[in-house]
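What follows is a set of structures for review.
First subunit A sits with subunit B, and in the next complex the same chain sits with subunit C.
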Partner chain A sequence: MKRYLNLYLHFLRFSFSKAMEFRLDFTFRIVMDILYYAVNIMFFKVIFLHTPLVAGWTQEQMMIFVSCYLLVDAIGMTVFSSNMWWLPHHINKGELDYHLIRPVSPLFFLSLKEFSANSFMNLIIASGIMTYALSTYSQTFSIWEVVLLIALILNGTLIYYCCQMLMILPVFWTQSSKGFMDLFFSMGIAMERPDKIYKGWLRVVFTILLPFALIASFPARLFIEKFHWPTFLHLMSVTIGLWMVMLFVWKKGLRVYSSASS
Partner chain B sequence: MIQVKHLRKTFTSHVKEPGLKGSFKSLFSREVRTKDALKSVNLEINPGEIIGLIGANGAGKTTLIKILSGIVHPSSGEATVMGYVPWERSNEYRRQMALIMGQKNQVWWDLPALDSFLLLKEIYQIPQAQYKYNIEFLAETLMIKDQLKTQVRKLSLGERMKVELMAALLHNPKVIFLDEPTIGLDISAQKAVRVFLRQYQTEFKPITILTSHYMEDIKELCPRVVIIKEGQFVYDGSLSNIQSMMGDEKVLSVTTQDKTFKVSIPRHELSSKTHQIFEENDVLDLNIQDPSIEDVIESIMRNGVRPT
Partner chain C sequence: MKWWRHVVAMELRKILAYRSDFWITFLGQTLIQLLVARALWQMIFDAQGVTEMQGFTLEMMSLYYLIVPIGTRILTGESVGFLAREIYEGTFTRYLLYPLSVFQYKTTTYLTYSMFYAFQLLIIYTLFRIFIAQAAFTFTDFGNLLMGIGLFFLAATTYVMMALLIEMISLWADNVWSLIVMLRFFTSFFGGGLIPLTFLPSWTQAALEWTPFPYLISLPARTIMGLSTLGEMGKGVLILSVWIIVFVEFVKLVWKRGQHKYTSVGI
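The block that comes next holds the complex of A and B.
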């Protein structure tokens, strides 16, 4: 465990020293990111001009939810996105080879080695938005509820990662260039809507099969409405199930990996 | 100790006709072609031994190495390396094994080599003393001390290969797979790599499998060679024996007014054939030799083994 932590510190060091070299890119990214956050917040602000409640939530409650998914997105962007971008490429070009021979989990290596130091600002802005949403929230809450909220957001990030991996891993069989990444990004919007809007079979899809609604909406709901065991257990069991399915597909994929020759 | 029994690997691929029309057709019906990269091969390598694996492109050299290093699963058959089944990829096995591919990079491109080495130190849990000694030893014998703090992408091809070798050997592997380590290098860099490999072999005595298209590499490093042709071993034995396999052949190098050519001729036809050549050509120079190792190997790769 300590070893993996040390390795991750190396990854961080590498990516920061790399990022410093490209200053223009750095500033450009920050402008883009601020725009992205502004658009997301505006979207809900506009809706609340017309109605006092959306999916049972008031505007300040909605802000908490929005800050949840922005934080998940920011963590995903910084920690995983570069790695996910390159993974299909590595698989197709046979560049998994050197990762498979190391006495370290190749999944760990391939998922985390490229830390996007460039997107680090996202993390700061998103945390800022969350702090703002919590500080202007009119209901009382304890520090433990905040701790739980953050833990569940990290759990949401894990779900986000697993969903994305499940869209990428078919590359082992299809040898296509991106897997179903486009599908992932278009469906990813499902995480940016409160789960209450999904009814019937759509609810089954988004809370169990491809649990986008569990990423940010469930954590926000457990915070806003009072803690609810069934919701919490649902969240945990789907996370564990999803993680195991992802590992299973990964192992199957490695079996058919044919390592395009040099 | 490496033991390989009836190891087979089959790859499948689609056949697509060229052009858009072909792509469209392949949407509906696909012809699947299977290719046997390895057809039931057997091999045994003793501790401390270094063998040369020779074969044309696509003969199955790299496939064998990828199976033995645990990257690719075989279709059937067995293999153990020091008692481990490679494709189970246990950490104990991976900690004692090294793979170097002349055409794929393992060091971080944008960073100085020393940074990559630090990461490897962490990955392989190399103790500080051993790490220091190895960096010293490797950098010295490869004569690359001064380049270790330069970004790897700014190094020359030869320097990069040396860095790759260092990276692969930092953890003192007991089994080493070298897939064309000298490819694309100039003569002096090739030589440096060879000298280094021999020194390393004497100092640490690992099991080594080396593939190369350069016969010099094989001649200098490998007392034993395995020749692979279309997924099958056609020769497994000592390098010095190879020449005697064609003991009854002689090679004639002939120079005439307008061309130079080589013919190999069974010994008993030597005088009649030579006579014929003299009659048919205006011969300026003629040389009768035993076939060189290169000639023999080329002929084995083309025609398989001939009974002596």
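The block that comes next holds the complex of A and C.
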């Protein structure tokens, strides 16, 4: 564990020094993410101009939900998105050997090597939006509820990561340039809407099969509508199941991987 | 002018190289965006107990969100961002050796993608009319569809000029990918990609009137749905044409000033 932590600290140091080489790009990316946050907040502000409730939530409750998915997105962008971008490239070019022969988990190395220092500032901004949403929330809540919310957001990030990996890993078989990455980004919209809007088979799809609705909506719901054991157990069991499926596909993928050298 | 046929053929081969990925992504994107938007608006309509909001019924809203994702792809193409990368990597040199203008070449490759997506829109919209809406596909509907696709092409030409202008900045900056993404965010929100523009406050709609944004997604989509008047279409065509001229002049100016900054790697 200590070895992995030390390794990760090296990744961080290297990523920050690399990001500071491209200062203008660093600034552009911060502005880009601020614009992304603004567009998402404005979308719901505009909807609330025409209705007092969306999926049973008021505007201040919706802000907590929005801040949840912005935070998941910011963590994802900072911690693993750059790595996800390069993963199909490594697989197609047969460049995984470099990672497979190292005495660390290749999944750990390939998923976390590139820490996106550019997005780190945005992680701070997204945290600020959440702090603002919680501080202006009119209902009372305890510090433990906030701790649980943060833990569930981290769990949501894990689901987000697994979903993204499952869209990329078909590259092992298809050898396409991005896998189904574009599809993944389109599916991201399912994460950005409250889960209560999904009914019938669509609910089964977005809460079990492709559980985008669990990423931010379930954590927000457990916070806003008070703790509900069945919802929590659903969230945990789907997370564990998804993680196992992702590991299974990863291992299967490695079996069909063709190296370019060695 | 025969060169463009070869460029189009080459790009089409690229598009269809990974057919299964391409079609799964296309159908998945279209279906998911439609279903999620429909679910959200159904809940809002039900909660409000209304059948119409800002000139849209739920069925019209569904049609709007069917057209918008494909229309956005017609608009934004696929090859935006590559020019900036080629400038950064120093491989831009090859375009300087081609017997045609780099901007003509890039615009042609870009519009090939738009053409392909327009074909998809034609199929999807026809299937929707026949099997889901179960409505007769009249001559007027077909006319609206063609006019809407034409407007999407004009919008795509405007968009590619805006994108080229941003990409030219890479002659000074190392990476402009984030600026291109910002343009997409602006276009999506202020162009009507996220929400129909009639839902925005009236002061925002007034402020956007002379910018290209409302004519990039909203106008073509509304035209296909038969919601635009000839006057609105004429105004849209005029405004987009003026913006195209403005952006082309800016691209020329920036290229003139920036080309001396370019450093190549091999040929």
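What we mean here is this: the second predicted complex is superposed on the first by the 260 of 262 C-alpha atoms of A that agree within 3 Å, B and C clash if a C-alpha of one lies under 4 Å from a C-alpha of the other, contacts with A are read in each partner's own complex, and residues count from 1 in each chain.
Operating definition for what follows: contacts are C-beta pairs under 8 Å (C-beta built on N, C-alpha and C of every residue); 3 or more make two chains touch, one makes a residue touch a chain.
Since this is a predicted model, take the numbers as computed values, not measurements.
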*So, on subunit A, is it clash or fit between subunit B and subunit C?*
fit
*Which of the two partners, first being subunit B and second being subunit C, lies in contact with A:M42: first, second, both, or neither?*
second
_If we overlay the two complexes on their shared chain A, which of subunit B and subunit C does A:R102 touch? Say first, second, both or neither._
first
*For A:S138, is the partner it touches subunit B (first), subunit C (second), both, or none of the two (neither)?*
neither
*Mind computing the angle subunit B to subunit A to subunit C from the CA centres, in steps of 10 degrees?*
90
*Greater subunit A contact set [subunit C / subunit B]*: C
*After the two structures are laid over each other on chain A, how near do the C-alpha atoms of subunit B and subunit C get, in Å?*
5
*Contact footprint of subunit C on subunit A as seen in their complex*: 22, 24-25, 28-29, 31-32, 35-36, 39, 42-43, 46-47, 49-51, 53-55, 174, 176-177, 179-180, 182-183, 186-187, 189-190, 193, 196-199, 202
*subunit A touches which residues of subunit C in the complex?*
18, 20-21, 24-25, 28-29, 32-33, 35-36, 39-40, 42-44, 47-48, 53-54, 69, 173-176, 178-179, 181-182, 185-186, 188-189, 194-195, 199-201
_Residues of subunit B touching subunit A in the complex_ = 11, 62-63, 66, 69-73, 89, 91-92, 94-95, 97-99, 101-104, 106, 108, 110-111, 115, 118-119, 122-125, 179-180
*Which residues of subunit A touch subunit B in their complex?*
3, 6-7, 10, 14, 17-18, 94-98, 100-104, 255, 257-259, 261-262
